[in-house]
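Two complexes are shown next, each including subunit A; its partner changes from subunit B in the first to subunit C in the second.
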Partner chain A sequence: MSDLPPEKTHSDGAATAVLSVTDLVVELPLGLQRKVHAVSGVSFEIGRDETLGLVGESGCGKSTLAKALVRLVSPLSGKVLLSGQDVTRARGKALRSLRRNAQLIFQDPISSLNPRRTVLASLLETMSIWSTGDSDRAVRLLEQVGLDPSLVANRLPTQLSGGQCQRVSVARALSLSPSLLICDEPVSALDVSVQAQILNLLQDIREHHKLATLFISHDLSVVRNISNRIAVMYMGKLCELGSANEVYYRPLHPYTRLLLDSVPGLRSAGTGEPHAAGAPSAVNAPSAINPPTGCRFHTRCPFADDICSLQAPPMLEITPGHAAACHHPLT
Partner chain B sequence: MPNEPVPTCRSVTGAAGVGGVGGAGISLTDATAESGRHGGPDGAGSGAGTGTMSAAGGTGKGNGTRRAVGNGKGGDATGVGARSRRRLGPAFWVAAAWTCVIVLAAIFANLLPLTNPNLIGAGPPSAAPSLHHFLGTDELGRDILSRIVFGARVSLVVGFASIAVAAVIGGGLGIVAGYIGGVFDWLANAVAYIILAFPPLLLLLAIAAFSHQTIPKLVAEFAFLALAPLFRITRASTLAVAGREYVQAAVASGASRLRILVREVLPAVLPSVISYAILGVAIVIVGEGSLAFLGLSVAIPAPSWGNMIAEGRTLLTLDPWISLIPSLAMLSLLLALNLCADKLGEYFEVREAKL
Partner chain C sequence: MTDPGGEAGLVEREGEFGGDGGGGPPGASPLLELRSLETTYTTDRGDLKVLDGVSLALDAGRILGLVGESGSGKTALLRSVMGLFPTSHVRMSGHVLLDGQDLLGLDRQALRRLWGSRIAMVFQDPMSSLNPVMRVGRQVSEGPRTSRHLGRSEARELALATLRSAGIRDASEIYGRFPHQLSGGLRQRVAIAIAIASAPQLLLADEPTTSLDVTIQAQILYLLGTLARQRRIAVVLVTHDLAVAASTSDTIAVMYAGRIVEMGPAATVMAVPRMRYTQALIRTSPQAHHEPGARLEVIPGRPADPIDLAPGCAFAPRCGYADERCLTIRPELEITQSDTTHRFACWNPSDSRMVAPEGPALRQRDDDERPAT
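Now for the complex of A and B:
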């Protein structure tokens, strides 16, 4: 442990969880009785003032999971408790007021703002839904996200840079005073220099407002810096969940190691030695329409044996606070 | 998007038109770069200098000053600046003006110093255009100008009224079907396909064969035929808009469905539906003209452009203007409507393409 950097530890009990997801299943119909098993039994919790990072490759169900949390897509089964209320059961106005409590920040900063509205009008429109503020508040929010209201308030999204648009999105999300912020790849579309600024902004915002945050990215190194805990997702299932440094420096699941190794220019996970012999293959990814039996990663896993293709591994706490769903965890 | 955004060229011509000074053009790209600079925290390259700002300042009330805006009310300065860069162009305004002239003449036909359009022998028969009869007279000596103006009423009323009805009903159903989806969408779509599959001229001829045509009946027939295309167009645009992230953001903000339809989807869908509807008016006017030419529109002797063309066609070699003038009237109106639709579509397309 001594060689690890100090951890952003966090103690949260189940009682204080802002978001609690239990066994969430989302299947997206494709017609002809085919469907994408986008999210297959995912469970996790996010406490107040905590950031959970969610990583996984493209198409693993991260964004679908995010949308299911606010019922932008309807889950097939499972439970999503947002501040103790079940999102999956809510209807009508109750659902709308629950949605207000969890705000999304999208990947594409420009298209997440109405192109016909100025920045100020966008904020006012959102606030007018729940009467949460006036133009004075809008101006304060813009200042809070590091924008100069006198410069940007009356501009259209197309007249702003991507970073500025993303700041406006953050301001819009904050304007509803949510308790949960869901950031769906919020920096993937931005320049690297702007990425860092937006990440800092998100961190400041979270600390200042004591927000619970779900931070989704395909980039483990981005997630590590901002998250308290990291969940790794593969083909609709969580395969590893643990504190940020644990997952980053001592991955338990072979897939996590594949993710870490596939980041160019970073030291390899674990021992720092190349895993030439045991490197999981990054090709031949199976399809989520017809997911593999047993452990969904077994087709690409270098350690897979018979049991992996037969039995789906349960999520087990292997070291304290660090769980993995693997029959042969790396230790 | 078919039209590549060309903000730079547009803006240069735009600025030159206003200020008359070359080099005063602040292009959209400049504006974005500038916002990056002044926005500071996002750290877009700040070395690029302030040359654009001073160039704008040179025009006195250039973009530079207009951009200094107070928060809140009144100051839509950048909005205006952005809008002035996109222009509908003179062709649109000429076309729109010509359409307005015809519409106003038709509306106030009774107040204009025109002879009765059905007065036989208002002048010598088949007289060429002269000072007494600006557009001449037909074979019965009726004043052609008067008949053109009164005849425009039929074309315009049928064209605009039927499309208005179709746009409200078809468009309304389309936006709801596109946004709500599900069984309603499936059903409405199926009905639209059935209507589309029906040959339109056959339907019109069948109705005309059995009953006497009146203007309300013509409006209803053409409205019915225009319903399905307008439904399809609106539904398609709605589907495209409903998936956009800003609409999802509105859903995630807890906005109600009605609110999203009215505040987010409708404003995005309206431009394309309007430009399509204007095209629809032109198509219906042709349709009405065709029916009138066949004698299946309003009963003679009431003037209609189509039946005027038909009446003059036997004298085409001797007195060509009897057919030619209503033909030209229709041609010019159609050209104007098409131009309007085209330019409007382009105008909004550019707006979208910049996203």
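Now for the complex of A and C:
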């Protein structure tokens, strides 16, 4: 690892955040001229060498947000600055080079690699498009993600385990020396013992390359382990944002509390009582197509009153560095 | 021996749909008992022993959490109990006793009489286990209608009641829907409703919450707990998630390479795991006492390949405590001295409680543990 390619050369001047998202709105078509705001006014920043964890239930807009960051879907409004450059307006060559700067790692490691290409060929393809290296560098990248190049370089993805494939995905993402790494549920498909290996790898990679990382997961314990800060998303909106420990131990938003209470605990074993959080509740999750008025969580919230159904709460910093969008934050 | 079991079971269960008794003759014998169950696939690469002498017992109304990584034999165990394997490529030996009746010798027809009415199964992906072109209500009532010859309106009443006991509040509305019109959580509730519609004694759940959100997962686990307690159904809950098993089960069995390597009351296994693999599994999961950004302990290597097992303990190649004996002689599942309900198969068992992890770290190996630096 002594002869890694030179570190980032972006000179983004004043901006310290690698990624800065302001009031991002993404609208998805539903057919019949109906539309849904999958991401609805989301703002956050990620700095160099920082991991932001993004949690929420399926359908809350996590993955759409990730796609919008690299313009795999086009946002309706708002701003995404990647190393100081506007992703939402970029076109053609400028967009392509911005995309190179933000790399994605997906959930299913096997299907995100080309099944007919060897590991080495997959890496070389990406690298040759951007002329970022040769097979020597590809071999070094494989070593860097903990694979033995002599064993895996000429194998096909189907001949590798899920954990190995995910390592290849990480190597492929690194081959373009991005400044932002977006991981969309990168360990959900892996066995527990392999999951820890990949989480440690991502941690090392982030530290070594000083990457900004957006780590999307539905698993709160995984997110807490790997993130510096955690953002909680509900029906297209962020409802809480703060340091990992703050969000985990002192959640401000009732939705975050519900998520935390739902996590089965290793220590709750043998109490004889099933999850309290699983007890039948009066309402089911509302539909994203027709989100509730006011605070979108008010239909499921035990603390909701009149104002919650009328007025959407703004995202406010309630304790230093810990913000929530709630009329009645937990204290 | 084949025929009466199925029929008798049916008749016997009919009267107790409300669910009081544990079924079967009173006494201490467990509802489900496996004795040295071995299941072998014949493949091109040779014989593949996916279950290697599994023995366990489960009482009515109890939940057994079966934990292990992919390929450890969890699903094979469920399929062996259910009798879902084709006889042409799979050999089975040992005993699968349901209420004292051995299921292994039964032919297809006898098995079909058991399915639904005495044993039922819930699968991981409710979308693919439900019939996409049949309305939910008919799928729920299908089983009871054929096995009990219910009339149309009786079947409807039963289906509605079953949907409600699976936690679906607006059952009459869901009754007429198709699976694709339902959310993932509702689909899994429907799958559970189908499974319990004929009041089985044993419910086999194969990763029932893996594709669901945490909030929905909590609801489904709650439901399984309720069903076990109120209807006295014995549940085998297969999961790769130790926390899910720990929070829901009475007993936990940890599988590795086709064997049960540790088994005991959930609280005991989680607090004082003896077998090194169980201990490693608990330590490798991110937990509350880890600081954010702390490196996770890692189990080096990959889950064992059942076609190429070491002669000793299958976990030995990945274990930091393995010695000569571990590599050569296979440890058996033995009870602990202090606690007869807790069994483990390990030559160098752990003595420490899990609250403050200590002791030598797992063997660190560069190839699997971290990027070479």
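General observations
FYI, the second predicted complex is superposed on the first by the 299 of 331 C-alpha atoms of A that agree within 3 Å, B and C clash if a C-alpha of one lies under 4 Å from a C-alpha of the other, contacts with A are read in each partner's own complex, and residues count from 1 in each chain.
What we mean here is this: a residue touches a chain if its C-beta (ideal position, glycine included) is under 8 Å from a C-beta of that chain, and two chains touch if they have at least 3 such contacts.
For clarity, every value in this text was computed on a predicted model and none was experimentally measured.
In the superposition on chain A, A:S112 contacts subunit B only, with no contact to subunit C. In the superposition on chain A, A:L259 contacts subunit C only, with no contact to subunit B. By the document's definition of touching, of the two partners only subunit B reaches A:R99; subunit C does not. In the superposed model, A:R34 makes contact with neither subunit B nor subunit C. Within the superposed three-chain model, A:E125 lies in touch with subunit B and out of touch with subunit C [touch as defined at top]. Touch criterion met: A:Q159 reaches subunit B, while subunit C stays clear of it. In the superposition on chain A, contact of A:K210 is made with neither subunit B nor subunit C. Once the two complexes are laid over each other on the shared chain, residue contacts for A:S150 go to subunit B alone; subunit C is not touched.
By the document's definition of touching, neither partner reaches A:R89: not subunit B, not subunit C. Applying the stated touch rule to the two superposed structures, the overlap between the subunit B and subunit C interfaces on subunit A comprises residues 146, 148, 161, 163, 193-194, 197. Looking at the complex, you find that subunit A touches subunit B at residues 67, 70, 72, 96-100, 102-104, 106, 108, 110-116, 118, 120, 125-126, 129-130, 135, 139, 146-156, 158-161, 163-164, 167, 169, 172, 176, 193-194, 197. Chain contact summary for the complex, subunit B toward subunit A: residues 28, 31-32, 35-36, 38-44, 67-73, 75-79, 82, 244-246, 248-256, 259, 263-264, 267-268, 351-352, 354-355. Interface residues of subunit A facing subunit C in the complex, by the touch rule stated above, are 1, 57-58, 143-146, 148, 161, 163, 191-197, 199-201, 203-205, 208, 218-222, 224-228, 243-245, 248, 258-259, 261-272, 274-275, 277-280, 284-285. Put simply, subunit C touches subunit A in their complex at residues 69-70, 167, 169, 183-184, 213-226, 240-244, 246-250, 252, 265-271, 280-282, 284-288, 290, 292-299, 302-303, 366-373.
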